[in-house]
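Scroll down for the structure; my scribbles are underneath it.
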Amino acid sequence: MYAQMIKTARSGVKSREEMSEQEREFQDKVDNNIKIEPQDWMPDDYRATLIRQMGQHAHSEVVGQLPEGNWITRAPTLERKAILLAKVQDEAGHGLYLYSAAETLGETRDELVNLLHEGKMKYSSIFNYPTLNWADIGAVGWLVDGAAIVNQVALQRTSYGPYSRAMIRICKEESFHARQGYDAIRVLAQGSPEQKKMAQDALNRLWFPALMMFGPSDSESVHSEQSMAWKIKVKSNDELRQQFVDQTIPQIEYLGLDLPDPNIKWNEERGHYDFSEPNWPEFFDVIKGNGPCNVDRMEKRVAAWEDGTWVRDGLLAHARKKAAQKIAAE
Amino acid sequence: MKNEWPLWEVFIRGQHGLNHRHVGSLHAPDAEMAIKNARDVYTRRNEGVSIWVVEARHIAASAPGDKGPLFDPSESKIYRHPTFYDIPEEVGHM
Amino acid sequence: MAEVDQKALFEFLLRMGDNTLVLGHRVSEWCGHSPILEEDIALANTALDLIGQTQLWLGLAGEVEGKGRSADDLAFLRDVWDFRNVLLTELPNGDFGRTLLRQFLFDAWASIMLGRLQKSSDPRIAAIAEKASKEVAYHVERSADTVVGLGDGTQESHDRMQAALEYLWPYVGEMFQSDDVDAAMVAAGIAPDPAGLRAEYDALIGAVLDEATLTLPKGDFAHKGGRTGYMHTEHLGHMLCHMQWLQRAYPGCDW
């Protein structure tokens, strides 16, 4: 979700007969919910897929700082400023936890960051949309983090130990994000006509991008089957999307805002809400780099990294000098 | 020379006087900064009263392949566990 | 306490609160743009502490003023001429080194000042100072470490830090200027005379800058006008355009 369209490194799931003994043992562990740990044997494709997924997830957290960070200096009260800053800081923390999880597989953070900056790895499509008014900050926390939680709660059960543990820690912190977002947009929805307009505008603009976060329908996704078998992915994209819609519609109604999609309707027979599909061609455009903010986001991340080189190098050089002096003194 | 900051594993003792527990890892140029970074990264929600850091490359770990010989033999020593023994009810809590 | 001029006390509290407000805002500008995640997270913690201190100082200021203004009213609805922060805090961030050096130069002053304020005759001020002191003790340790690391790092990091020091040094003196407001605070036992903190400050920063292999610029010229509100830099107005935009554009709303 923060990891979309992850290419599973092979096509098709092997049958038990096709598996080597090692592969069978590995699959048995996964099937029995025994976590895979860094030093355990694992199929190369499992490792490669995980690195891609955790890396993309980590990149999303870090790039995700930008759209919300866009409003830190304009937050309307000291308390909102502190809440937003703490929230965006958490995203940096989540990125850090996820990079750490990826590093257990032997890919360093710097290597992953370089791949992002060279355009060889991606981050979630959602962060290529702009935050245009203050209500977007509420909507991002409520809808975007809300959607992320739906996915991440499921991922706590993922088969790879370090990923699962990172998810558990992240989920604990994440519910603060959704709640602060809903709280912020609720005040606006119940505020002045202009504030209500902000809230409605944010909901209308961010609804479909939020639905896109779960990725295209699984029937069109060639990678899902293997990832499900490996429990790198735990629920299907469509299942998660439906779960998100079902939990969010009553929250919109509580706010007294208009539904962002005229086709939203309770379906008694299915026991779920019906809703319109997002504009998938738009989604693929964004993924390809043509979203409203792709270029800007990458420019900012690359600048932060490059402008920071002298700082990282300087502090490391000092640490090395100190270590050398210590050895010389001994 | 490669200029990535070394990786450190972080262990934190929580509020309740329990053992230091592994909470995650981070990068830092040296041990002092690793402790400070751990404070900023891993105790934002009042999680700790004490921090240990150790550079990841200094950790020695048991090999996954040795799991059987290392840990299975203790499985059969059920007499080490208090539940192995029946104590008559009249004796009371023990 | 009754004999303290409440106007002077209000003025003093604005100076404390505006320093943390403006510096906290500047530091928060780094969020998402720092050289490495660990620094990003650490800087955000510093900014959060400063914003928290602002709520306490400006909250008390509003109380002392007695016109029903909240900390938010003071932060978001005053114009440049009413701000009482020292110029140092409103200077643009520049590169990471300049930001951290500015932080250190401020933290060193704040750690000494807050130490004294813990013994203030006004228990409300002593209580804020006690809470803030713990935070600032960590800030100054961290910013000092970074200044040393970068000053005594590579040639490039050294040169950048030396340049930052040349730029910032003329703004240090303002923290130690005294006027009638300070005299009133001293007389009431509320706060120390800023000028009296200078020797301790010079010793503190001298040791750190020395370890950082940085050279103090010659000359003791000091820009002033921030803490009296007489003449701020041009930078403050731009900051307020961001900070106050929503409150100004949509007055009277709850947020």
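Which chain is which? They are A, B and C, in the order written, and residues in each are numbered from 1.
Operating definition for what follows: a contact is a pair of C-beta atoms (placed from the backbone, for glycine too) under 8 Å apart; a residue touches a chain by one contact, two chains touch by 3 or more.
Everything numeric in this text was worked out from a predicted model, so none of it was measured.
*Asks:* Hey, which pair has more contacts between C-betas, A-B or A-C?
*Replies:* Counting C-beta pairs in contact, A-C comes out ahead.
*Asks:* Where centres are the averaged C-alpha coordinates, which chain has the largest centre distance to subunit B?
*Replies:* Result for the farthest chain: C.
*Asks:* Roughly how far is subunit B from subunit C, going centre to centre by Cα mean, in whole Å?
*Replies:* 40
*Asks:* What is the distance, in whole Å, between the centres of subunit A and subunit B, each centre taken as the mean of its C-alpha atoms?
*Replies:* 28
*Asks:* Would you mind pulling out the distance in Å between where the CA atoms of subunit A average out and where those of subunit C do?
*Replies:* Roughly 36 Å separates the two chain centres.
*Asks:* Where in subunit A do residues touch two or more of the other chains?
*Replies:* Only 86, 89, 93, 96, 312-313, 315-316, 318-319 qualify.
*Asks:* Give me the residues of subunit C that touch two or more other chains.
*Replies:* Correct list: 36-38, 41, 45, 149.
*Asks:* I need the residues of subunit B touching at least two other chains; which ones are they?
*Replies:* In subunit B, the residues touching two or more other chains are 5, 26-27, 29, 33, 41, 44.
*Asks:* Quick check: in the complex, which residue numbers of subunit A touch subunit B?
*Replies:* Those residues of subunit A that touch subunit B are 37, 39-41, 86, 89-90, 93, 96-97, 100, 103, 108-110, 166, 169, 173, 312-313, 315-316, 318-319, 322-323.
*Asks:* Per the contact definition, I'd like the list of subunit C residues that touch subunit B in the complex.
*Replies:* Touching subunit B from subunit C are residues 36-38, 41-42, 45, 138, 141-142, 145, 149.
*Asks:* Taking the complex as given, what residues does subunit B use to touch subunit C?
*Replies:* Checking each residue of subunit B against subunit C gives 5, 26-29, 32-33, 36-37, 39-41, 44.
*Asks:* Inside the complex, what are the residues of subunit B that reach subunit A?
*Replies:* 3-5, 7, 23-27, 29-30, 33, 41, 44-45, 61, 63-64
*Asks:* Using the touch definition up top, name the residues of subunit C that touch subunit A in the complex.
*Replies:* On the subunit C side, the touching residues are 21, 25, 28-29, 31-41, 44-45, 47-48, 51-52, 54-55, 58, 71-72, 75-76, 95-97, 146, 148-150, 152-154, 156-158, 160, 239, 242-243, 245-247, 250, 252-255.
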